[in-house]
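Residue numbering begins at 1 within each chain, and the chains themselves are lettered A, B and C in the order written.
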Amino acid sequence: MTDTDAPLLVAEGLTKYYGRQLGCRDVSFSLYEGEVLAVVGESGSGKTTLLQLLSTQLAPSAGRVRYRLRNGATRDLAELGEAERRFLFRTDWGYVHQDAALGLRMNVSAGANVGERLMAVGWRHYGRIRGTATQWLDRVEIDRDRIDDPPLVYSGGMRQRLQIARNLVTQPRLVFMDEPTGGLDASVQARLLDLLRGLVTELGLAAVVVTHDLAVARLLSHRIMVMKGGEVIETGLTDQVLDDPREPYSQLLVSSILPP
Amino acid sequence: MSPLLQLTGVSKTFTMHLQDGIRLPVVAGVAFAVAAGECVALAGPSGAGKSSVLKMIFGNYRCDAGEILVRHGDERIDVARADPRRILKLRRTTIGYVSQFLRAVPRVPAIDVVSEPLLAAGTAREAARTRAGELLARLNVPQRLWGLPPATFSGGEQQRINIARGFLPDLPILLLDEPTASLDSTNRAVVMDLINEKKARGAAIASIVHDDDVRARTADRVIDIARFSAALR
Amino acid sequence: MNAPAYNFAYLDEQTKRMIRRAILKAIAIPGYQVPFASREMPMPYGWGTGGVQVTASVLGPDDVLKVIDQGSDDTTNAVSIRKFFAKTAGVRTTTHTAEATLIQTRHRVPETPLTENQILVYQVPIPEPLRFLEPRETETRRLHALADYGLMHVKLYEDIARHGHIATTYAYPVKVDGRYVMDPSPTPKFDNPKMDDCAALQLFGAGREKRIYAIPPHTRVVSLDFEDHPFEASRTPETCALCGADDTFLDEVITDDKGGRLFVCSDSDYCEKRRGAETAA
């Protein structure tokens, strides 16, 4: 965690209605470089809506999101042009989908999947692109020999790790994760979480991780935000909220974990 | 010179919403201070709130009233009111905590569990690992275990990993919750030496120790938490 | 029997105006695919309706028209289209590149360098270079608008990963005027360099897909590649059996059933001219 005073991402009064249906209401927080915020809640809590609002995939009904660009300027994301937003997505941000197939090109080789962002920002040397892709496969513990295989023939855990490599290759500062371990076997989950934890620390990533799994929140995040029915119920230091939950719903959530 | 750690009027009550909102008072009006080079033992019967007090100092538990002042450089920061970022910073630079049980993260080898706080503070990986190894050796953890994740270790081994992790960085304030509970006499002696060495270097230590011998050899003062215990009334 | 009376070059004037507007827009934005209201033509889709509509719209009574198909003037396709315009426009036709003012082509660029007085009209099946990587039209339009061409290089990367070299040999993607990535139609990559800084106006028509695009004269056209796998305008390393040329695009002709074959220039007019020159010399 750096000591930079200016936050990286600031949400102010974010609200989203789908017609009359509430997605989320009045969510505000600041996220700093190198900080991981977990957003936990059950289905319908609004956590995924929040993630999509933060990553500009949805436009808010009210409120705004401000982001500090690499050049130091803080911009209201709603004011960015489409080209700027896509560039941001490709270079400064990552988005890890729960279903890796949504975040990968399934019919294109793993190497091309990882190299695509590099090519999109102008890399034109095949050898270097392939070399960087290889390094990243190593980092996410995918066998180098699989670099020319398409993710169609990968297991779920491998696909997810590939998705992570694809997102991190341009060294983003902020990564959005939507249930990154969802649907994976327990041992695969453990491996993935360990990988994420290591990468987040090593690269000083800031991240917003949406999860319904409190163990994931505890392992990955510094701060946690509990949501229910579109509202923020409680927010604070992760270990504090999980060990000393104050609100009734937080207490319910924490007590609902089955011991292994 | 103000004490490194000072508690005034610290109170905590648990409200159990799932049990019809019954309130469980834990402590009320806790007040004590720990100066640099001092070790203060918190004593009292089970359930008096000793662990809760340590957890409040670490920021793991919230406190409902009072101040927990920690000296951080030239400032004094109130942990009870600090925002999450501040608390995380304090944990990296100022306050260390050795909990009663190691929370084993899957897949991370013992040597990395121990060196992690040093890494977070900016030490290079190899240097951190070397120092971690030295401390583990001192605590009689055999080298063949260093590369293994501690989840499968015995209670005593896990506790020694926990202790190494807490003692390795040079933090001015150290909170110890039953550091010698699962240890044999040899390792108890090592831990006592470690505590006294920290004191000699100017650390302020607050500990919970049930073993009278250990307490006698490490603590300069004993605070009876039962005095402040709202739970036992 | 009364022969039907055709408007000049078959299309009505309003349609020609509409197509010319599309052509002007295409010239103003080199390499950009301009949608146009493609008409029903008296030949099915896939037989050059796009090229025919473009030719029909720019053809004038004083033009001299040449039509080639894979470099040859006398395939069924080339002959039919030439006859079509002869009948509906009454223009002079020729097989000699140097004499033509308007050349409609399928899948080849003439070997004879073109001049400022000429227009080359290409027949295009699938105008979108990204189509096979990104099937959604909404998405490809966006990618072009944002000059987001990483995907194109992904395709080339895949080629190298799979075959050790860029395996695309025709319809090799190019970047026009430093901005739009374009499919040059299924011409062999050997022809790509001819499109660069060409003195003639190059027009591209896709009838079924309803798109027109253009490369104005003397425009930069660069084939996409990697620094360590640069573009090569490769050709079969043989000489033409008829004229002896060693720098033209060759067709392979099987001569017997024992594997006998020879190579001849694909551009029949060019080959003939060379042979004529030799006889004259």
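By definition in this document, a residue touches a chain if its C-beta (ideal position, glycine included) is under 8 Å from a C-beta of that chain, and two chains touch if they have at least 3 such contacts.
All figures in this text were calculated on a predicted structure; none of them were measured in a lab.
*Asks:* Under the touch criterion given at the top, what is the topological distance in steps from chain B to chain C?
*Replies:* Tracing touching chains, the least step count from chain B to chain C comes to 2.
*Asks:* If you take the mean of the Cα atoms for each chain, which one ends up farthest from chain B?
*Replies:* Most remote chain from chain B, centroid-wise, comes out as C.
*Asks:* Just to be sure I understand: the centre of a chain is the mean of its C-alpha atoms, right? Then which chain's centre is nearest the mean of all of them?
*Replies:* Of all chains shown, the one whose C-alpha centroid lies nearest the global centroid is A.
*Asks:* Could you work out how far the Cα centre of chain B sits from that of chain C, in whole Å?
*Replies:* Inter-chain centre distance comes to 77 Å.
*Asks:* How many angstrom between the C-alpha centroids of chain C and chain A?
*Replies:* The computed centroid separation for chain A versus chain C comes out at 47 Å.
*Asks:* Please work out the Cα centroid separation of chain A and chain B, and write it as a whole number of Å.
*Replies:* 32
*Asks:* Among all residues of chain B, which ones touch two or more of the remaining chains?
*Replies:* Nothing qualifies.
*Asks:* Can you list the chain B residues touching chain A in their complex?
*Replies:* Answer in residue numbers: 14-18, 55, 59-62, 84-85, 87-89, 92, 105-108, 119-120.
*Asks:* Hey, which residues of chain C end up touching chain A in the complex?
*Replies:* These residues of chain C touch chain A: 133, 142, 146, 148-151, 153-154, 157-158, 160-162, 225-229.
*Asks:* Which bits of chain A are touching chain C when the two form their complex?
*Replies:* For chain A paired with chain C, touching residues are 82-83, 86, 105, 108-109, 111-112, 115-117, 119-121, 124-127, 129-130, 147-148.
*Asks:* Spell out the part of chain A that touches chain B in their complex, as residue ranges.
*Replies:* Contacts found on chain A: 1, 32, 35, 190-191, 193-194, 197, 201, 219, 222-223, 236-237, 239-240, 243-244, 246-248, 251-252, 255.
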